[in-house]
Amino acid sequence: MSVVEKLGNVDRRIIFLLIALAVIIPLVFNISFMEHPTPIVQVIFDKIESLPEGSKILLPFDYGPSTAPELEPMATAVTRHCCKKNHKMYIMALWPTGQAQALRVIENVIEGEFPDKVYGTDYVHLGYKAGGYGLINTILADLKKMYTTDAPGTHIDEIPMMSDIQNLRDFAFICNFSAGFPGLKEWVQFAGDPGDIPVAGGTTAVSAPLLYPYYPRQMLGMMGGLKGAAEYEASLVHQYPEYEQVYQRAIAIMGPQAIAHLVIIIFIIIGNITFFIEKKRQKKVG
Amino acid sequence: MRRRIPIIITFVVGTALILAMFIPHTPFSSLDENLSVYFDIIAVFAFILGGGNLLRVHLVRIQRKKVDWPYSFVTIIGFLFMLIIGFFKIGGPPGLTGDFLAEGSWFRFMFEAVFNPLQATMFSLLAFFVASAAYRAFRAKTKEATILLISAFIILVGRTPIGHYFTFWLPKQLEFLHIPTLANWIMGWPNTAGQRAIMIGIALGVIATSLRIILGIERPYLGAEK
Amino acid sequence: MYALQVWIGALLTLMIFSFLYKDNPFYKFAEHLFVGISAAYWMVVGVWGTMVPNMLAKIHPPLVRTILPALANAEPEYHYIIPCIFGILLLTRLINPIAWLSRWALAFIIGYTAGVRFSRYLQSDFVGQIKSTLIPIVAVNDGGFSLGMTFSHIVLIVGVVCGLIYFFFSKEHKGAFGAASRVGIYILMVTFGASFGYTVMARISLLIGRMSFLGEWIGMILGWFS
Amino acid sequence: MLHMERACPHLGRASLFCVVVILVVSVGFLSTAPAQEETFEISLAGAQTPAPPGVPEVHDTPYDAGGSIIVSWTLSADDGGGKNHVSGYDILRSTRIDGDYQVVSSVTKGVDRYVDTSAQDGTSYYYRIRALAGEFFIDSSPSKAVISSQQWYNVERSNLLVIAAILSFFIIFYITRAKKGKKLFIRRIAGLEAVDEAVGRATEMGKSILYVPGIQDLDDVQTVAGITILGSLAKTIAKYDTKLDVPVSRSMVLAAARETVKQSYLSAGRPDAYSDDIVHYVTDEQFGYVAFLDGTMVRNKPAACFYLGSFFAESLILAETGNSIGAIQVAGTAQPAQLPFFVAACDYTLIGEELFAASAYLSKEPRALGSLKGADAGKVLASLAIGFGVLFETLRVLTGSQAMAKVSDFIIRLFSLRF
């Protein structure tokens, strides 16, 4: 059997093993690189940075565990930034799994890193409501129609920071973390466009290319996948050097990510070389 | 009556919502709001329907001893266990008050220990299949496929930090060939153009389908009963 | 407790990964468990998060006194009976003789979807996208002519129009029209290449997420030994 | 078309004019009623008291369901400049100009606009803005009176109404025509020709054909399109006497696909070659289904594989296995994230709408054909709009002429969400 044939008939499981190693080895050796923020991400950072202290920011968590490796770093970085700037954070979820994901960020970032933040005046967890885009449509007109209580069950009128919120138009900015449907697209269609509210957010890399047509007119900015998260972290570190010592998850993970990309590209190239050699030989035979 | 009433419901609801877009006056504005709330609530019944269906399918499987029927017990037991600890907020705040996902509750524990790793791992399997397909299937068979792969290469390299080290040495006049710059340009211009053409096409499709449904030319809810 | 959580998670993760070797009982167990747990999770979240506060508490507030005391003293709003009825109709799907009643609820859901999607897709994805494409061919930057931007603008405009031509079915793609359609498909291929790159990126990220979780687990085991 | 688009805005402007006149008259009438008093309430005179904000401008939110008033003001001189110690503003409201002002809401510094959505329709209100600086504060002069009301027609959306009407007209027009039996032309679709070619090759090689109609249920139009194409494919297959294999993942799809294939074999005159085993159910579970398909492909080595319907992550597993056994592969889906994998790994791919077009072309179903044609009309509209818009935008940049700018602005406004 020739080398070409051997290469063409490699067992799938060997390839599985190689890609696993391409991820594990850089992870073990902690390989990481410098990040340079692109404008589409920087604009979100600048928005949160430039809003006056105490601005009301809506943070919808529309993802579940399956995409958390991409979206949790973004949610962490943005929430951290909002805490730093003393913005009021309103956390909600269109995905049932989003409520649990939001809790992780609240516990780790807000309660963990900023213990002086007071629930009800600095941040509130409104939780999940059913309806998807129907829910966005409802709260665009009247938020308290659906959100009669927050997630732990307190009456909405007893929460100080809810007193001057009637509907989505009362928010200075909506920054969403979305894994698909319903997600950032629906926030643009049902909140941003009809309500004239600045919308931006982070999405999985899968849906990022599909959302580019909304940028920059209908959607302020976007963090696409882990790379977007890493860029946001880089902006944060740049602005607040005290975070240089803090573990930046997305930046750390971008190392293995880059190596795995290289391996995939090498696979495609080898695959195509064998394909062309094979084709040439068949032509000769034929 | 079985056929006519659903058609009337669809027509009234759909038309009211479209009119509400142009008529802000009551009752249209409040109709839009209330219908949205109703929709949100009915969505929960759809979850219950999903749970009920699941239970039925797996009970039938066990009853008829279909392929892999013993695993259906795993599904049913998992389902019922999760349901009970969630509905009774076991281990959570006192009584039935408070958040069902509160720290320390069994439901939260099951989410973190079981649901979370299962869902996350399910999706991560795909990375392996992507790698294997990259090696064995993605071929530049046609001109179209070649363009696709080249564009994919630029993105794959350009969207990682390595892209920078590939071409940072380029002179100023050729800076536009710097891979990260090129990757950003592809995303911002040709990708936007292509996605926009697809988006406009899909929008027209959605508009046409919605219109057919509202006017009763299309009746998906009747077909779904066969 | 946290250690237990990590252990369960790690074992389930490995069970799913075992599918990569071949389909086996461990994988089947994990898959079936996942199906059951997730259906229950959705139901619990839907009922506690939406059905109780937004329907039951509205129709008859004293009903939720032990669950959401904050809402127990509100005035009842009887129109919330409507989604309740539709929701119950939806559940008739599970009872064969009266399953046809669920069509009424489906008719509501479909009518609502058609109504809102008609207007939102028209606004954001049709009208909105056309507006974003209304840009000059010649781009001026800092008061001077910008060759790079002009090229980008041309790519965008030509790309969108040719993409639309590719999806135009009422005319044979011959001659100049055919040429435009070829350009359209090439632009679409660049777009797909971008999507391809991004999707590969996403899958890899998820794998890294799982691997670092397993790393945490192994770290925990090593920690016990040292 | 362009003529129609222009006709409506005039109507829009006329009604807008009426509303403005009524508003101006009523506001004027009400605001002259009470005596204007210029009193500032200064809590604690001294250096720390900030400069007062400007007199608030108030007006009823236009084209809404009522209950809403827009209040705007010029910032205090000590906000962003001067002593720069203003921390925020309170918005005060009263039904009398001379007193009884209550705080409606507060905003942070730098904000000069507030939409009060707690107004009662028909009540006239006065507003004052209070600048806050630590324990010091100062109020602006009261605003004019303002009344909120609801309107019957949203003039700002006239353009959307016209566009919606045009699109709806074309869709309904073509559906009616198709129903009347009028022949509607649909272009040749390359992927469909590949289908026949693949069947031919499978027959030559004496191997089977695998057909996968996606993993979604019948309520997904892509599945329906997949089954329609299966129907026409089955006819050709029945004639050639090739073996067909259709594993499905939904019981409703099973019923529909069996019916379709049976019909095809009947109309091809080969009812004897049909058996219920051709279409069979596997499992609802996504990866379970894929594992089964994978196994079947490796064992039976079909000559051709078709994947037409709605696909998710399994797309690339299928395409990869098909590739490894050297089958001709034809795919088609409208799932945007899966299309790239099909294009890269299959021989032919029906991209998005092509799948629906192919199904409409084969089924000759009036609804599907009419919608397709209606959507085509929408694409013409979009292309024309882009063409004219770009032309005048370019002329504006090149000539700098006012007239061009006006035309160009008008076209852009036509496609704005607020006309």
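Letters A, B, C and D mark the chains in the order given here, with residues in each chain numbered from 1 onward.
Keep in mind that, in the parts below, a contact is a pair of C-beta atoms (placed from the backbone, for glycine too) under 8 Å apart; a residue touches a chain by one contact, two chains touch by 3 or more.
Remember, predicted model here, so these are calculated numbers, not experimental data.
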{"item": "Chain-chain pair with the highest tally of contacting C-beta pairs", "value": "B-C"}
{"item": "Approximate Å spacing (C-alpha centroids) for the pair subunit B, subunit D", "value": "16"}
{"item": "Interchain centroid distance [CA atoms averaged], subunit A/subunit C, Å", "value": "13"}
{"item": "Intercentroid distance (Cα basis), subunit C paired with subunit B, Å", "value": "3"}
{"item": "For subunit B, residues contacting two or more additional chains", "value": "18, 21, 29, 36-37, 39-41, 43-44, 47, 97, 111-112, 115-117, 119-120, 122-123, 125-128, 130, 132, 134, 136-139, 144-145, 148-149, 152-153, 156, 159, 187-188, 191-192, 195-196, 198-202, 204, 207, 209, 211, 220, 224"}
{"item": "Per-residue multi-chain contacts in subunit C, two or more chains", "value": "19-20, 28, 31, 35, 41-42, 45-46, 50, 54, 67-69, 112, 116, 118-119, 121-123, 125-126, 128-133, 157, 160-161, 164, 167, 188-189, 191-196, 198-201, 204, 206-207, 209-210"}
{"item": "Touching two or more other chains - residues of subunit A", "value": "16, 19-20, 23, 66-69, 97, 99, 127, 129-131, 134, 137, 146, 151, 153, 193-194, 206, 209-210, 213, 225, 227, 257, 260-261, 264"}
{"item": "Pairwise touch network: line, ring, star, complete, or other", "value": "complete"}
{"item": "Subunit C to subunit D touching residues, read off their complex", "value": "19, 23, 28, 31, 35, 118-119, 122-123, 126-128, 130-131, 133-140, 157, 160-161, 164-165, 167-173, 188-189, 192-193, 195-196, 199"}
{"item": "Residue ranges of subunit B touching subunit D (in the complex, touch as defined)", "value": "18, 21-26, 28-30, 57, 67, 122-123, 125-126, 129-130, 132-133, 136-139, 141, 144-145, 148-149, 152, 198, 200-202, 204-205, 207-209, 211-212, 215, 217-218, 220, 223-224, 226"}
{"item": "Complex contact set, residues of subunit C against subunit B", "value": "1, 4-5, 8-10, 12-13, 16-17, 19-20, 28-48, 50-51, 54-55, 66-69, 79-80, 82-84, 86-88, 90-91, 93-94, 99-100, 103-119, 121-122, 125-126, 129-130, 132-133, 148, 152, 155-164, 166-167, 184-201, 203-204, 206-207, 209-210, 213"}
{"item": "Subunit D residues touching subunit A - in the complex, by the definition given at the top", "value": "88, 105-106, 108-111, 115, 117-118, 336-337, 417"}
{"item": "Complex contact set, residues of subunit A against subunit D", "value": "52-55, 163-164, 166-167, 169-170, 193-194, 206-207, 210"}
